[in-house]
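In what follows, chain A forms one complex with chain B and a second complex with chain C.
Here is the complex of A and B:
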């Protein structure tokens, strides 16, 4: 059974200009021990999805189902949800400095997180805090437990956040841009640490990032989001080597390549979540847009080979990949001569 | 919310669109300095006093050379001195030691009007397209503002026309002149920042993380624009970025910094494909790459610990405390930045440089 199962999740926020549809019809499954990478650009809804799972979307209208470990989180009361959050679902965000309290030592904050969920004495909790700091690779953990967040570097703070996130051995770790604020060598250390903790604890990891390289490095499966919808999902090899959705193709073509090689950016920018275009939300920017794309929004359907690869696009299901053959199929579909 | 940006391809050099003259004729045709590099920095050091009487050595004997029309990538992690070096190049920070030459002239020896003339030749594009534009000025005033300091550059009655030219040069519309920054998207604002930098007809633009705040698809648009502008105007870039794939894409040469020193420099392909300094090799291996072939996940060189404090840097080679190749000599002698035999333009500051490319497969 899947650990996490979102079904037709929709999140909207009321605004003076009308409802902002941050998420529409998002479904996903995540099994224990697996890593799902969620990629997308600003406003695609990836963080909204994470916050919805955690029940942290204040003022939002949420519908659908968030199945976690056999229960529907959306039907839980705030108290029950608080028990799940923190103990069974750990979380790490981009900016550890704003997630940690500046007035308290990190040891105290980790101990407090433990004592909020378990009946342990102050001393035992402190000892566990120090053990956790050691686990995440902080040198001299007993001494460092008495330091304040500002006394740590960015990378070390993110380690502290991870110590807190895994303190209660959660079944799921949600990591929202966990390495975006970090330097490259530190990013590599933190990704390595997340993978090690995952192995040791058997956690599922939901990794949200805008960085395709990070996803490729750690994720088993990839979900690409655009304008509040899942437009493609597949295992990470398929997603990056045999993508179907033109948006995924466009992202890959935007990646800086060798020097002198001209990049092929996606023209324009994502639509306003207040005024979604008719039909497919990507259609105004799409190279392969056809008549039906502006008329009807394509559902997320299985494309070639196995049920694991799905794409929300009207192009033929065999048009996967970045090679000439796939390009010919796409060109034929839209009635254009292949170049 | 801004209205969606229409796709508007930027004119490619030498194509259909009538060749617009650069908004301001470049000064660089000054005959005197034909042989000297456009910009040369030698042995530059800069310290700051912090926390009472302690000294933070932000730059420690930095050498740098920039030719006309060239892009130099500057790579390194937080606190390595990239931004201080950028400020020296912008003549905003006077070095404690060392030499800065601009076409053979020491710009720091100039005063008054002469200094002003030199200043306009190095301009800057900032990382944050939201924080670096005055929200109370219209696009036309943002672009024209530098001309209030550099009064003689563009006659007042031609300024409107020049603004329109600059807007079109960066892929915006002349009609955007009346809009305010907040009416533009992030990518459009970055174009506006580039137009402002171009307004003074600089020879060098220091780009400090110019695309790191942008989404991938928009980042590619701005990178293409920078490439086009260089081909069209012959401007040189000092391109500071933490994103190695971006640097590899745009830079002709790369300099790698660590704790205030340049540890490696050379043509981009040589530095990326055959790094000689262990720090460079570790940095390259740390960058996530899109190779998801099963089993091909690369071995990373995971560095131990963190960058030491620049207030108390290690003796000798500054990287030695984290280096797996370090020996006694590394603690005693700072290694000089020296070229290798086969690659005369490729230099590394290491006593035990890597000979073979480190296999990271």
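Here is the complex of A and C:
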């Protein structure tokens, strides 16, 4: 049975210019102990989805189903949901400096997470906080527990955030761009730490990032999001080697190549979430756009790339991969000569 | 910390000295003659000259200033031109009044203002929030003298006519003599001062708390499963109070120099009233004394605010 199951999750924010549709019907499943990488540009709805799971989107209108460990989080009352937050689902955010309270010591902030769910004394909670700091690799944890967040380096702060997130051995860890604000060398250390914690605690990890390299390193499955929808989902290997959706292709092509190839950025901007264009939202930026694309938004359908490989694109289901064969199928579909 | 306080105190002395010079210079530039005023309109030039000599006003300005400065260093502000009492005595008599008025009012406006601000910020956009915002606007746009007079009319005059004497129409009773009478005399002045400030503090608290509640660390607290109550008070309000504390220091410091309007309306013998009196009678030593004291309060308030800032926020290191 899957641990997390989002079904047709939609989130919109009221604004003076009308509703902003941040998420438009997102479904996903995540099994215990597995890692799902969610990829997409800024504004694609990745973070909104993560926050929606914990009910942390303030002022949002949320519909659909958020199944977690046998219960629907959307139908839980605020008090019951609060019991899930932090204890069964831990979360780390992008910027560890702004995510930690500047006025309290890190030990106290970790202890607070423990005491929010367990009836333990201040001293015991503090001892556990120090143990957790040791677990995430902070030297001299007993002493550092009394330091304030601004007295730590960026990487150390993210370790503190992780210590806080896993303090109660949650079943699911949501990591929202956990390495984006960090130096490249520190990024790898944090990813390794996340994977180690995942192994030790048997957690499932929902990893949200715009960095395909990060996903390639740790994710079992990949979900690509665009304009509030899932456009492609597959296991990690399929997503990288036999992608179907032109947006996934574009993301892969915009990665730095091994031999100093030129980067190929995706032209244009994502559409406004206020006024979504008709048809496929990616169609204005798509090299393979057809008449049909501008008329109807493609549903997320199974393609022949691999097991549980799904893509929201009108291109033939056999047009998977980055090779010439796939390119020929795509070219034929849009009536263009393959080059 | 000690170095910080020491440095600030030295700086404060410099400010006070500059203020004393400025007041002194202003007084000699202004077209007036205290000797003539004291001697009266019918006095002969000889009498006026005699008065002037007795006041030391016939000496060169620089000498007068040095004399004044010498006295100041010994805690001696000279004598009032009019009732020949030492300025320090005159001021000391009035400090308890102004202190009672200011601190009492500050407690009321702080409680009212912060509470209203928190209520509004927790439910932004609701009827409650809008209601508080409307009250804030009304409070901000009501001049204290009008409010004071209204209080007097309704709560003193009308009640008095109805045979109820809860609130006296003015005056002051020392706390040590009669605590109840002290509070009775001060309650209307307190409210008068507090209403306007409570409005400012409500707005300040609302804005500040709303901003803080949107911070990432508040989101983290919620993600930890901390109760909403704790999120608002422990994580939100503590950080949101920093600008409130700053404002409080400045306001209390300013009011301690004399709440002129409120003291006048309620006939409270405080520093503000003394200031008005001494300005109308051109009583230079008293004016200088009050101005110096007011400046001292403001400078001290600033030091206290900065020190409090460091206590509130561990990122602030006093250096």
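Convention: the second predicted complex is superposed on the first by the 330 of 339 C-alpha atoms of A that agree within 3 Å, B and C clash if a C-alpha of one lies under 4 Å from a C-alpha of the other, contacts with A are read in each partner's own complex, and residues count from 1 in each chain.
The criterion applied here is as follows: a residue touches a chain if its C-beta (ideal position, glycine included) is under 8 Å from a C-beta of that chain, and two chains touch if they have at least 3 such contacts.
Worth saying up front: this structure is predicted, and the values here are computed from it rather than measured.
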> So if we stack both complexes on chain A, do chain B and chain C clash, or do they fit?
Replying inline: fit
> After lining up the shared chain so the two structures overlap, which partner does A:264 touch, if you call chain B first and chain C second: first, second, both or neither?
Replying inline: first
> In the superposed arrangement, which partner chain does A:335 touch: chain B (first), chain C (second), both, or neither?
Replying inline: neither
> On chain A, which partner's contacts cover more residues, chain B's or chain C's?
Replying inline: B
> What is the contact status of A:241 with respect to chain B (first) and chain C (second): first, second, both, or neither?
Replying inline: first
>> One more residue to check, A:70. First (chain B), second (chain C), both or neither?
In response: neither
> Does the superposition put A:117 against chain B (first), chain C (second), both, or neither?
Replying inline: second
>> Tell me the contact category for A:82 with respect to chain B and chain C: first, second, both or neither.
In response: second
>> With both complexes overlaid on chain A, does A:103 touch chain B (first), chain C (second), both or neither?
In response: second
> Does the superposition put A:274 against chain B (first), chain C (second), both, or neither?
Replying inline: first
> Nearest CA pair across chain B and chain C in the overlay: distance in Å?
Replying inline: 10
>> Going by the contact rule set out above, which residues of chain C touch chain A in the complex?
In response: 215-217, 219-228, 230, 235, 238-239, 312-315
> Where on chain B is chain A touching in the complex?
Replying inline: 1, 4-7, 77-78, 185, 187, 215-221, 223-224, 227, 242-246, 248-252, 268-269, 282-283, 285-294, 297, 300, 302-303, 305-306
> For the complex, which residues does chain A have touching chain B?
Replying inline: 17, 41-42, 139, 153-156, 183-189, 191-192, 210-214, 216-217, 236-237, 240-241, 250-259, 261-272, 274, 284-285
> Which residues of chain A touch chain C in the complex?
Replying inline: 51, 54, 56, 78, 82-87, 90-91, 93, 95, 98-103, 112-113, 116-117, 148, 150, 161, 164
